[in-house]
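Please find the structures below.
You will see chain A twice below: alongside chain B first, and alongside chain C after that.
Coming up: the complex of A and B.
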């Protein structure tokens, strides 16, 4: 942080050095974070033979096409099924979860009712309890109603986002009361106000909530592990894990796990790049007010 | 009880999947009365039956599809899950408690005892055809599923009889024959190292405690002993000490690589470059070498496991699974019928071998065409003949404890310390002995001896 502000204060030769140091540092960090992805890309193109015999940081014989074909052909294309499941759990789950969180947070921020701080306290408590600790109680509850090993057993917990409620409330507090009053005077109902006015003001916050929830569900591992036994219901993370757990006995699964991991991060990258625009635009809009 | 169970189960998810539920499982090694359907009533339920079957054998669906075609009244659905110790066992324990467990599941030999302790297994001895099937299986596999009494708690599926994979070209170049005794193996290690100091005869892994138990099994170093109701821990015994002292000598004289982990890229690199010359491993290990050391194709061969006494014929076993009928099933007879078919029918066994690479527990299946022909990677030699012979030489008395995950962990911890120069492998046995007794007592299991 200090290095970026340095040029403003002292536009001298020294600032060039600071910028240079900052650049080197940032490049190092970028390299550090991108190295695993680079490794993944390189090794996803290799045959099992090259995977074990060639340098892990450079290409062998290029056979990404073959690996991809094998990946989507394995077990009658179960990988595609996993990908669709992940999109459903994470995409739909985060979408509904964001709407619910926004409504809850907005309601707590903008309406005065008995027990609202208590309600918010519960939501905050939910932020503090790790999802890991909830997996088993959830399993027992779902077992009680006979819903384990179903789509719902992973989907329903995915639409709950205490952190989203928290963020929505904090952001909702910034919505000017005058705007809402004006809309009410004009005769708009509360639902209409929420969806046409508040949601637009809240957009950057909601994109953040969506991204957080999407990534959390996409990467959720323990819940599917505890809930699911039917491989057609697995999300990508758990499906790839089930392959990886067997590589000592079935080495050919190594290449499939690696190329599958590469494919599985693509939707995350697309989501981030696609939504980043809204995110940044929203943040600047807020700061320029 | 519920609170305790829940707390323990949560801990189980993090650390010790197999044992944490034991608090509810009763305080003895004997199942509580009436918890599992007794062997007295194993009558078919009749009518169409649907069964669920949990397994992690690749391609098992194909065998099940075949069964479903032939048995329209008993339809089986496969749950394709990660390997047992990768979370499936702890899931199964949860499901048994919640009443959502499958009718059948794959269970490895070393975990049967844990499931029995949880009252998770059905004694299928009275089910039609079960006791008659004994003759179809290799002796030691049947004694494994009897768990020390007259019951039959699972049907053997596959095995991992052990032999010596060795680099024939390196041995030939050094002018030595494949070692027939562990003493010759030690001499061979010295000869190989003299020819090229970079060459280690094998690697000693920190974490593969179940590999080491295969070596103990060969020397009849029983880890546990169950006589009647009495469970004793015999991890530290004269036989196990003999094995530990031998490998400690190999480590002290730097004849084995101590920095390579099992199934690691580093190990595969060492195989490819020829700096690790042998692997004492199971029948299923043939594909591990073949697929991970492609540069050395045609240079490996398989010989029987070296012996402790010249002329003896004893083999160890590493891995292998059973098909167990789970408590809570409403159709034990049909489930047992399916388990028997899966593991004795020639067509099924061929699929399991071809798709899943299983080395069968069925005696007949050890003569499958795929197991009676030369294997190209191994210079066209019929390597499975060696494993078939080894399978007949595995001791029938070896007994697993009900808390194997703990014991494995204790052993691995001790090995890791020993490989880092703190203590010896014998110390690891001594510590694992005490710790295993403590962990059993902590779960309220009476330990004698």
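Coming up: the complex of A and C.
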């Protein structure tokens, strides 16, 4: 009996060509995505003079150390202040936001109450209304109550994550009811069940929610731009932008903007790479809907 | 018809609900406990999502007038839809919207096509070093829009850019910041930032396709490209719709990239994108008009993305 000729037929020559074409495509695209980052790394090591006079794709005189020292010394260390602000806005905001979203998503999934579909509908609508669309209305409202130019004006909006509610609800539905019922029989309260049992099952989703909220707040630019005048309240994005916009008056800020940009992206890249295992699992569940 | 995909957790429209006995159990055990879970989110959601929109709508319908010169007493008058009429008759607003539509029609399909191609190749048997490539492609998403635009601004700059120098050596000197080119220079920054993110969403959907399905196609003699076209792409359509919706939202909200590139190009006007226009109006302290513009923009974004979503459902794309 001659069976299954097809699967055996293909390998070798033809697939070698396919592998070659695929690799060329992937390498070209990788080059495109890495080019600006490579440029940033190279030029963060240059002096102001070399920045203009030497080839942008290769190193000049290496003075990354000097640039870093200048970066942190400028204006009494205002860069460190911005970094700390970003960390507070994004880290604390996303942290609180994740807990609130997780509780709400879980509550909607596990408790039967009037208006839960309405609430969920509003949260979904919130996913479709991006943060940039809300920045100006938020500014107008905060201006009405005199809250602009404060830490709270940027921080408070950061604790709301409608996407988090969506993902938490979807994930909560996978928690077996029997597990919760068993805990109830043992006399555990609902909050204790949530924080000891459910949270553990929800972890991949919660890491995803935290990360995406963290990135959204860390990268936020319009909201701080409209809210803040006091430069000690700026996050990194606004701070770097304010430096770049003064380059014609203070040319030395050019180098500082470049090295500051490099420093500001490193924490994010490390966080993403470090937590990859979690957020990829979370993203899989959130997609394909 | 809905195509079943990935995890069994339900879909955006038909949310999962526990079976009746389960729900009864939860209710019995819960009582009013759900409030404890839901309120901590609902209160800030109302305060910082719904209230600002409500406030902006109210502001857009009112105007502060002073009777008897600038020292007269201010009073608030209801002006109805005057501000909205002003928004829609503003040539800057209309040209900004037109620019964004052109931008979206060109940039979104190109970006999603690249994202889909990358995802399919990384999902296929012919790719090597998949993990490394996936990380490299996703990297730009972790970089703030301000920094991404700053980096590209240097690569576009006629004085500093090594790219301009290289291209100049082999052909006509490119002008990335010219009045025609600048829109596509912005499009490039956006594509660079979000392609990897979209790829990952599509890739996640591809990974959920049962191995047997691809193998069955293969043993029927279908090549990699044929399998991708007739089996994989139809299955990941919902993911494509999702990325499409988010891309449309992003396009209409475009702000950071043009604002940063504005520092080096005079071709980006204060009303270049609708969001930039609303910001400029607010900076000029015309709050009622700024409110009306941002309300129109938020509603427009919502209607368009929701509309695309419904269309996709009707046509059976998701």
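As a convention for this text, the second predicted complex is superposed on the first by the 263 of 289 C-alpha atoms of A that agree within 3 Å, B and C clash if a C-alpha of one lies under 4 Å from a C-alpha of the other, contacts with A are read in each partner's own complex, and residues count from 1 in each chain.
The rule is simple: contacts are C-beta pairs under 8 Å (C-beta built on N, C-alpha and C of every residue); 3 or more make two chains touch, one makes a residue touch a chain.
None of these values were measured; they are calculated from a predicted model.
Touch counts on chain A: comparing chain C and chain B, the chain ahead is C. In the superposed model, A:264 lies in contact with chain C only, and not with chain B. Within the superposed three-chain model, A:104 lies in touch with chain C and out of touch with chain B [touch as defined at top]. Within the superposed three-chain model, A:197 lies out of touch with both chain B and chain C [touch as defined at top].
Of the two partner chains placed by the overlay, only chain C lies in contact with A:33; chain B stays clear of it. When the two complexes are overlaid on their common chain A, residue A:55 makes contact with chain C while staying clear of chain B. In the superposed model, A:149 makes contact with chain B only, not with chain C. Contacts of A:241 after superposition: both chain B and chain C are touched. Of the two partner chains, chain B is the only one touched by A:229; chain C is not. Looking at the shared chain after the overlay, A:250 reaches chain B, while chain C stays out of its contact range. When both complexes are aligned on chain A by C-alpha atoms, chain A residues 52, 56, 132-133, 136-137, 139-140, 143-144, 222, 225-226, 238, 241, 245, 247 touch chain B in the first and chain C in the second.
Touching chain B in their complex are the following residues of chain A: 48-49, 52-53, 56, 75, 132-133, 135-137, 139-140, 143-144, 148-149, 222, 225-226, 229-231, 238, 241-242, 245-253. Against chain A, in their complex, chain C makes its touches with residues 5-7, 9-12, 15-16, 18, 22-27, 29-30, 33-34, 36-38, 40-42, 44-45, 47-53, 55-56, 59, 114, 117-118, 121-122, 124-129, 133, 135-148, 150-152, 154-155, 159-162, 165, 192, 195-196, 200-202, 204-205, 207-208, 218-221, 224, 236, 238-239, 242, 245, 249-250, 253, 255-256, 259-260, 263, 275, 278-279, 282, 287, 290-291, 294-295, 297-298, 301-302, 305-306, 318.
If you check the complex, the residues on chain A that touch chain C are 4, 6-7, 10, 15, 18-19, 21-23, 25-26, 29-30, 32-37, 39-40, 43, 51-52, 55-57, 99-101, 103-104, 106-113, 116-117, 119-120, 122-126, 128-130, 132-134, 136-141, 143-144, 156-157, 159-160, 162, 165, 169-171, 173-174, 177, 180-181, 184, 190-191, 194, 215, 218-219, 221-222, 225-226, 236-238, 240-241, 244-245, 247, 257-258, 261, 264-265, 268-269, 271-273, 276, 280, 283-285, 287-289.
Put simply, chain B touches chain A in their complex at residues 6, 9-10, 13, 52, 54, 56, 58, 61, 79-83, 86-87, 91, 94-95, 98-100, 102, 262-263, 265, 268-269, 272, 284, 287-288, 291-295, 356-357.
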